[in-house]
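Two complexes, one shared chain (chain A), two partners (chain B, chain C).
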Partner chain A sequence: MTTSKKIVLLGHFGVGKSSLIRRFVENTFSENYKVTIGVHIFKKVVEVSNSDSISLIIWDLEGQDDIKKTRSSYLLGTNGFIYVFDLSRPITFENLNSELEFLKENFPNIPVKVVGNKMDLVTKLYLKDYSEVFGHLVDFFTSAKTGSRVDNLFSKLAKELL
Partner chain B sequence: MNQEERLNIIKDILLTDEREFAASIQKKIKVLENTVNEKDQLSEKISPIIDEKLSEFVKEIPNSLGPTITEALKEEIKNSQDAVVEALFPILGKMVKRCVQHEMKLLSEKINTQLNNTFSFKRFFRSKRSKNKGVNDADLIIQKQSSPKIEQIIFIEKGSGLVLAVYSKEKATDEDMVAGMLTAIKSFIEDAFKKEEQDLQYIEYDHYHIHLQNLSSYYIAVIVSGAYNVLYKDKLEDKLLEFASKIIKPEILKNKEILTKKIKVYFNNDNI
Partner chain C sequence: MLKAYKEKYYKNNFQYILVDSLGKIIDTDDSIIPSESKYSIQEVHPFFESISDLFTISNQHYDFSCVNLDFEKKSIIADIVIYTHDNNENIIIIENLTEHYNRYQLTAQTRNESVINSQILELKNEYLLEKEQFKNNFIANFSHQLRNPITASAIFSKFLSNTNLNSEQKNYLDIILSANNDLKYRINDILDLAKIESGQLILNETTFNLKELLNKIATGYQIFATKQNLDFETGFDPKLPSYLVGDRYRLKQIIGNLINNAINFTSKGQVSLHVSLNYIRAEKASLHIEVADTGIGIDKSEHDSIFERFTKVNPNSQNNRNIGLGLAIVKYLLAQMNGNISIESQSNLGSKFVCNLSLKTAKESHKLLEVSHEIVYPDFDKKKSILLVEDSELIQLSILKILSSNGNFFLNIISNGEDVIPTLKNQEADIILISNTIQRYSAEELARSIKELSTAHKKIPILALSTEVFKEDLKRYKRSGIKDVISKPFDDKSLLDKLYKYVK
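Up next is the complex of A and B:
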């Protein structure tokens, strides 16, 4: 049986939301940055078990430096959030706590996955230095460029939604 | 030899050349006088020069006068737009009208030829109908060709944009993507204008109309091809509202399979 679920990706401009989706849906990556305007919709069916699959309708929203600026109607009826930040740019995760708090308050019981993207651009030492800032909040360290942990992220969320 | 004879001899010696020279000059002046006074002769001399100069001038016009003329024309059109429109409108109107008439005539002739080559019961009944209505066969066919036709019906959950059920005669589009995008567009427009209780009612795309029927927790997107007009819109709205009130129940909305079957039965006939 296939059920459909709405997934919304949030985060600052240029953190790699669209790249993560493209890596997951089309298994492609481009170095050329194309800013997302408004919203872009993607779809991918994920096999969750032998008998069940889940159709992920993924909403790629344009980046916002403050989650409160996101058009609220785009967030209605969301089944799962993915909050993405850029590991190499501290400005994209300096308000991580308050951003996640906003989601928890406004969308209680909706799963949120926190993703530190662009893993390929940072060193282990760098991650260690910042571990106090985001270490306890991050669910996945990914790289849309290399594809590292991208499938795991979406599969984990899909299983939680079933 | 007297004094006078001697003087004459000296004169001859001194003045003979000048006299001949004066005579030759006088002759040339005469020829020039003739050339200037006689039109034919003058034209024979001057025409090649004028022709040459003229062709050079013509060659130079685009470079020397072109920009000035273009600029002047632009300025003139800009300053008298109304007059230009006034002057061009009837001509363009006539041209378009003639073109449309010509194309319609061609289409009509084509259909008539097709009709004449075919004999069928359908044609028999159509002829009867056309006689009753006083409209010719070809016009009836054109009317039929452009009549609205439902291509796809998608029931979409408000907010999430997830598909509740879908019905289409031919699988053409990915309904999940269409539903998502429609919801995003709807949300954006309704949000941007910040008018409560006002909904996006339809979207026009090429020769398709996407009719959007808004209901409480969901909305229905009907993709219609052909001539979607106010009359058809009213009928479609009645039919959708009737379906929503008579058939839709909360438990049916949750069951994609049953809802799809109900839509299929209800909207199988396009003649709304």
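Up next is the complex of A and C:
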């Protein structure tokens, strides 16, 4: 049986939301940055078990430096959120706490996966230095460039949505 | 009338789709998005699949602006509005705004890129600084570790040279001594550059005798050049002032580095040093220094790069000049002294380095101060006792050797920080030397606890034997009550000078 679930990617601009989706859907990556405006919608069907598959309809939102600026209609009926920040740019995770708080308040029972992307750009030492800021909040450290942990991210979320 | 115009200028920008509450298409066309052939709106595009739940609630209005939809043959950006009704008829209005949004996209693109670039630049700077700091720390640490062995090897070679050696042994020893010297200079160069790069190299101004300094340099290099089968020629302008105020050590380093460089790249012929006076104005003397050689020369294309650190100019060029750090230091020091340097040179025709720098002229009253610098080592009525806290056996032996041949001191050696206080409770010391490499204890900590022992202990002069030579280190030492620092590598003279200076 196939059910369809809506996943929304949120986060500052340029953190790699579109790149993560492209890696997941097409298994490609581009160094070029094309700014997303509004929302771009993609779909991928994933097998969750032998009998079950799930149709993920992924909403790639325009980046915002403040989650409250997001157009509310985009968030209607969301089944799962992925909040992405850019490990190499501290400004994209400075307000991580309050951003996540917003989701918790407005979408209390919807799962949220927090993703530190561009893992390929930073060193272990750097991560350690910043772990105080986001360490306890992050679910996945990914790289859309190398593909590291991207599939894990989406399949973990997909399983939780069943 | 208006109706006619409206029809004439009607833009086919809208598409209307009628669906039931399950999303089954009741009526549509293909004007913007292909949908006529589909049974339900969900099949038209995943966007509708993910919002189809909304059709089940009647009398609602939803507004989705700027939605990017890709189809097989085209991509559009549209505003999509949905009205649901209680008669099971829901209307979807699609306004194609692709062009409008594409223009907006360009603006957003420019804005985002410039914001991100500035952030990345910041980060890069931070990274670079970190890297730079790491490098400097690394250099400092690394050269510290070389200091103990270099000190010991220099001191014992020197003592060895005072023993009975046959001429072959003397020759070998000469080579060891000169290699050791070389090593010492190179390490000092590396440290100097680390200091320069972290902004910690400061000039230490005193009044000094210029002519004496130049004569010393001349004699030193005369010997060195002769050993390399080169002529060494000097010329000093008689108009040069005798006394100047400036960093004597650094001036010597500038001239020395230039001569070393010249000698290194000259296999036959001569090296010369000429110093003259440009002018004296506003209590400043402008000096003109020329160091010339008849060596391999430097190609014009390399004139700038040879002042960069670690350059080994053009690996393919036949004159494989491994310049090292000397010239980079010269350039920096000259800049600090408001000076400049230029090169006149061509491949195979020798080189001439020309620099100008100005130093303050000395006031009459200052001139006298400088004369009594040499310390003569007097004998004491009673031998003085020195407590040495040092865990390097090489250094222990070196100091023991220096002091025993001087004959005026008892030496008491401790290798562990723990033993310092108990020892001092039972034994007197006239002076205490503490190394900065003792395990688990810093020299400052030890100094502080000694000072706390008693008023008598407070008065014992404490000197640090240190591999740390940065300005901050020295300040830290002073704050903890350490009187002075003997920096490693040291030789017999620098050790004895300091001991005699502080012993009561």
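Here, the second predicted complex is superposed on the first by the 162 of 162 C-alpha atoms of A that agree within 3 Å, B and C clash if a C-alpha of one lies under 4 Å from a C-alpha of the other, contacts with A are read in each partner's own complex, and residues count from 1 in each chain.
In this text, a residue touches a chain if its C-beta (ideal position, glycine included) is under 8 Å from a C-beta of that chain, and two chains touch if they have at least 3 such contacts.
In this text the structure is predicted, and so the values were computed from the model without any measurement.
For the composite obtained by overlaying on chain A, chain B and chain C cannot both be accommodated without a clash.
Once the two complexes are laid over each other on the shared chain, residue contacts for A:Tyr33 go to chain C alone; chain B is not touched.
Once chain A of one complex is fitted onto chain A of the other, the partner contacts of A:Asn50 are absent, as it touches neither chain B nor chain C.
Once the two complexes are overlaid on the shared chain, A:Gly77 sits against chain B and chain C alike.
When the two complexes are overlaid on their common chain A, residue A:Ile91 makes contact with chain C while staying clear of chain B.
By the touch criterion defined above, A:Gly14 lies against chain C but remains apart from chain B after alignment on the C-alpha atoms of chain A.
Judged by the number of chain A residues each one touches, C leads among chain B and chain C. In the superposed pair of complexes, A:Asn109 makes contact with neither chain B nor chain C. Shared contact residues of chain A with chain B and chain C: 4, 6, 38-39, 41, 43, 55, 57, 59, 71, 73-74, 76-77. Chain contact summary for the complex, chain B toward chain A: residues 157-163, 174, 176-177, 180-181, 184, 187-188, 190-191.
Chain A contributes residues 4-6, 38-39, 41, 43, 55, 57, 59, 71-74, 76-79 to its touches with chain B in the complex. By the touch rule above, chain A contacts chain C in their complex via residues 4, 6, 13-14, 33-43, 55, 57, 59, 62-63, 71, 73-74, 76-77, 88-91.
In the complex of the two chains, the chain C residues touching chain A come out as 45-47, 49-51, 53-54, 62-70, 77, 101, 104-105, 108-109, 112-113, 115-116, 119-120, 123.
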